[in-house]
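The same chain A turns up in both complexes below, where it pairs with chain B and then with chain C.
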Partner chain A sequence: MKMIEKKQKRFLVVSLLIPVILLLIFVVYPAINLIQTSFLEWDGISQVKEYVGIQNYINMFTNSPNLWLSLRNNGLYLVFHMIMIPIELSIAVMLNSKMKGRGIVKSIIFLPFVISGVGISYAFAYFFSPVNGAFNEILNVCNLDTFIRNWLSDPKIVNFTLIFVSIWRFSGYHVILFISGLKSVSPELLEAAEIDGANSLQRLRAIQLPSMALVMDFVLFDCIRGTLQHFEIPFVMTQGGPGYASSTFTLYTIDTAFKFNDFGMASTMAVAIMIMVMMIYLIKNMIPKLLKKR
Partner chain B sequence: MRKSNIYLGIFSLVFLFLSGCAGNETKNETKNEGELDSNIKATLTFGTWDADSMKLYEELDIEGRFQELYPNVSLEIEEMKDDTEYFNAMKIRASAGELPDIMFNETVTLANFAEYLYDLSDTEAAKNNILADGYSVDGEVLGIPEKRQEEYVFFWRDQFEEAGVDVPQTWNEFVEISKKLQEYYGADNKDYMAIALGAKDEWPIYPLIENMPSGISGNGQYWNDMAKQDTPFEEGTDINIAYHKINDFFKTGVFGKDPLGMGYDQAFSIFMQKGAAMAMDSPIGLTAIKSEGIDTSNLESFYIPFRESEDDSLYLPVRGDFLMGITKNTENYELAKEFVEFYFSDAWYPDYISKLASASTMETVDKELDPVFESAERNSSNVVVYTYNGGDAEFQKLVTETRFDYKKLGAQMFEPDFNIEDVFTKLNKDWKKARQE
Partner chain C sequence: MKKVFMQGLKYVISILIILVIIGPLLVVLFTSFKTKEHMVTVSPLLLPDFSEITLENYRDVFSSKYLLSAFKNTAFIVLVSLFFNIIFGSITAYALERFHFKLKRIIVALFFLGMMIPTFVMEISRFKVIGSLGLYNTLGAPIIIYIASDLMQLYIYRQFIKGIPIELDESALLDGCGYYRIFSKIIFPLLAPATATLVIIKSVNIINDMYIPYLYMPSTRLKTLSTFLMSYASAQQGSWQILAAAIVVVMIPTLSIYIFFQKYIFEGVSAGAVKS
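Up next is the complex of A and B:
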């Protein structure tokens, strides 16, 4: 018995060794290094690094108005992606039924997620272009030319244009995740509920949704993490402009590091976003528990 | 057992942390003086973001030519998409001590990488280069410019003639003819642009926003002088005057209906299709036009007239570009130095530069000007050339502290609500504070 236990332990140690080493090298060490750099004044090039204590953190809160503007834009992405979740779930339920042509629809919906984000962003930059842009042409053809706007350069509109592209790109992925969650629900259970007279909405609320809590949890986490770290679509389509109107937290962090050579401050921002993602996720997990207690 | 695991974990973390810190130190190879064996076996590495240069390296066989001198030396040349990608990569490599043997810089980046570059003052290449001295840092030539670059306004002569406008000689004339062209052609074509810009990318604004402050007085050290002042943006300064003029110019509508909605590639391709009368660019713009097979017999150029009166001098900023240097990370300093000498010698440079649109930087190599560039000399009077400096370390430090991003600022000038006075007030305040710190 002891022999088997020993072998089991050895097997566990051996199989965990490589992932743990990789985790230490590629996650733990860079994270420690990042935190360490956040206390330094460093241009990213020079060999001289000056320790400045929490000065970068103070500056981030008191002297970086464009950073907070960028974070507000991330918030907009988060709100709209959250609004999309029930719609994505509805599409998933629809595609999980015995609807005709669901295979093709699934492929079409999932396709934007598979295509390179940079490629999509370039395509949409031309789609919304003020000269020869397909979107404006469509509006023209439909006699809706009064709705033509500067989609990528009006500070009041630009974020919504980018959010539209982001939703187009990521919603399909969430739909596929929801479908896989729905597929995991036992058909016997659903059949029994149907025999008992439960309608499709009741089955969704009482059986399907609780059964796919894990998938829902993952989608929510993906939304929070993804929207707070959003980068490629605004980077390619607008470069965060005009001014900082469509900048995001990550985009501003990258500008701080590479355009302004302030790697110390950029590391501080990276630490902040890490903490923010963790905090929002913890709060999200705490809310259901608190509601249950009440 | 558990305790020992925890100790092991802590030990691993500390070990990784310390080894990582040790890795931050840059290799500081000492140079080996003396004769170089022509049979030396080595690989020299360098990178470029100029697609035309990359093509020429292959077409003119740079490796084969260098191997005539050093048969066992191979060249590893890396091509990057653009300068942003190149310098981002170089910053990361510098901190890891992994810079290539040979490194190209721009005038703006030279000060940042100064501590990683060897002094090349004693090379023949530096001695024969007409611009190298102008970019020396503390008396050391850290980069030898391979291209001489100035900015042009390319224009279609037939459009000017049809609209009845002449080549502008002053700033006001430049604004006026742009308005006239926009009115003339914009009446029938709502997508028309008197000047194709592509301000969404921000950098295409540089011929105005970067050059005009120094172009008013012809002071190539303008940014460096600014670094010595507490409030360099106050009324009456050249930058204040220049940015007011640009701000007003950007509000005239001569850059099309939505200049911020288009990038450089799209705007420039519209110019090539004659959907715009003018486009501002370096000689690289002409290379792009020619590579598209477009007929240039009707294409001319002029220098941006920053002056107020035709009696004043038209100051033309000239910059050295692609400043070739040797990094301190190289393990083959002598060989790298030989390569620099070869690069600017008759064995390579004349053939290479003659195929590029940019002008020669070497006293020893004359290059015939393209007719399009020749027309700029003809179209602009009283031109005075000055060497433009992208800003020393002190200026770059202030840029970091104040987040003074002139290209972004230029793009913001297209916004209807943009208030330039507020920006100047804030910049003056931040600049003063940063200098005091």
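Up next is the complex of A and C:
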């Protein structure tokens, strides 16, 4: 038995050593380092690092209006993605029902999630461009030319344009998740309900939705986490502009570090995002427990 | 009657969805076949006359010196990161799922933390680590970051290993098989479906990733498809017809992966969300 134990130990060390070391160097250490740097004033290059206590945190709350403007934009994304959830669910129910050609619709609906995000961003920059833009042309053709706007340079509109692109890219992903959730419901249960005379809406409410709690949970979490970290589309399409009108929390944090060379402040913001994600995760895991207690 | 109406409604909705999704992509495709003059004379929603269609824009894109190296760099990064991701991922998942040892809880917690940590902002402090290891502006930077921090494979492999009966390991052990052999000859082959899913979905993710290559490999020789498109776009400012051709070219690799391996992609994305 001793022999086996020794062999087992050796196997574990050999197999886990490299992955754990990589994790420590490239994930754990940087995370700890972010927390340390959040208490410093540092430009990222010089040797001089000044310890400033919680000054960065105070500045973040009291003296960073653009950061909060950016976070409000994240909130806008979240609201619209939430509004989309019932619609996505309805589409999933539709595509899960008997229907010719649903395979093709399913494939097309998921397409935006798979193709290059940079490509999509430029495609929509062109689609909404003020010169020869396809969207303004569509309005033109439909005699709606009074609605023509500067979709990407008007600070009041730009976020909604980007939210449209975000929904275009990510909604299909949720539809596919909902479909696989609907498929995981046991067919016997559905059949039994059908024999008992439940119509399709009743079946959806009484059987399919409850057993989809897990998928719903995942989609909600993905929405919150995804919108909180939303970055790529505004980064490529508008760089957060005009001004900071279409910035997001992550975009502003990245700019603070790599554009303004304020690594202390940027780390503070990064810690804030980490805390927000962790909190959302904790709340998400607590809600079902609280509900069960009742 | 009601049934017919419902069926009709479904088709109307489906066609609307397809239009919204394909429309903007078609506009790009049409534009990529236009000349500079067409951009003014032909509606953005239409193709020019068939006889006037030009492939000049594509010739322009393919004549760019850096497109070929972007394809090569992307392929190299995908192959190397995937190779190590699969090996490390499967063996780590096996070790953590099948054995009990002292540090297990801590290691599991660390990996979990790694999966939770927000992407993008992490680069603020990872940037220095990469720099001090001399990996800045090398293909090694994205490769090592993908290997170390892209951890979805652990989750999928652990799910899968749970489903393999432990008696299989035990009887092999009794037959005098070592752990390495058990893993490589019995467990790893059984993980093939999970591996296939992971290979497909991670390739797509890595090919489409923009920020890590953008941040760590500014050199023109080290462009990936995504960053090639970005620098091409800033060079072609305003010439949408040429940029459109570049967009189409850059979308082709993941699009073809999607067309051929759709099943794996659907499985991969829903692995985390359904049944656990």
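Keep in mind that, in the parts below, the second predicted complex is superposed on the first by the 252 of 294 C-alpha atoms of A that agree within 3 Å, B and C clash if a C-alpha of one lies under 4 Å from a C-alpha of the other, contacts with A are read in each partner's own complex, and residues count from 1 in each chain.
Going forward, contacts are C-beta pairs under 8 Å (C-beta built on N, C-alpha and C of every residue); 3 or more make two chains touch, one makes a residue touch a chain.
As the structure is a prediction and not an experimental result, all values here were calculated from the model.
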item: Chain A as common anchor, with chain B and chain C clashing or fitting; value: clash
item: Partner chain(s) touched by A:Ser246 [first = chain B, second = chain C, both, neither]; value: neither
item: Of chain B and chain C, the chain that contacts the larger number of chain A residues; value: C
item: A:Asn56 touches, of chain B and chain C: first, second, both or neither?; value: neither
item: Which of chain B and chain C A:Asn33 touches, first, second, both or neither; value: both
item: Which superposed partner A:Asn261 touches (first chain B, second chain C, both, neither); value: first
item: Touching partner for A:Ile25 - first (chain B), second (chain C), both, neither; value: both
item: Which superposed partner A:Asn132 touches (first chain B, second chain C, both, neither); value: both
item: First, second, both or neither for A:Asp43, with chain B first and chain C second; value: first
item: Which superposed partner A:Thr238 touches (first chain B, second chain C, both, neither); value: first
item: Chain C-contacting residues of chain A that also contact chain B; value: 24-25, 28-29, 33, 44, 126, 129, 132, 258
item: Complex contacts: residues of chain A adjacent to chain C; value: 4, 7-9, 11-12, 15-16, 18-20, 22-31, 33-34, 37, 44, 91, 94, 97, 99, 101-102, 105, 107-119, 122-124, 126-127, 129, 132-134, 137-138, 141, 168, 172-173, 176-177, 180-181, 184, 214-215, 218-219, 225, 228-229, 231-232, 235-236, 250, 253-254, 257-258, 263, 266-267, 269-270, 273-274, 277-278, 281
item: Chain B partner contacts - residues on chain A that touch it in the complex; value: 24-25, 28-29, 32-33, 43-47, 66, 125-126, 128-132, 150-153, 155, 238-239, 241-243, 258-262
item: Sites on chain C touched by chain A in the complex; value: 7, 10, 13-14, 17-18, 20-25, 27-28, 31, 39-40, 43-45, 88, 91-92, 94-96, 99, 101, 107, 110-111, 113-114, 116-129, 144-145, 147-149, 173, 178-180, 183, 204, 207-208, 210-211, 215, 225-227, 229-230, 233, 240, 243-244, 247, 250-251, 254-255, 257-258, 262, 265-266, 269-270, 272-276
item: Of chain B, residues touching chain A in the complex; value: 12-13, 16-17, 20, 25-26, 84, 87-88, 91-92, 94-95, 112-113, 115-116, 191, 200-202, 256-263, 266, 270, 275, 396, 399-400, 403, 405, 408, 411-412, 414-415
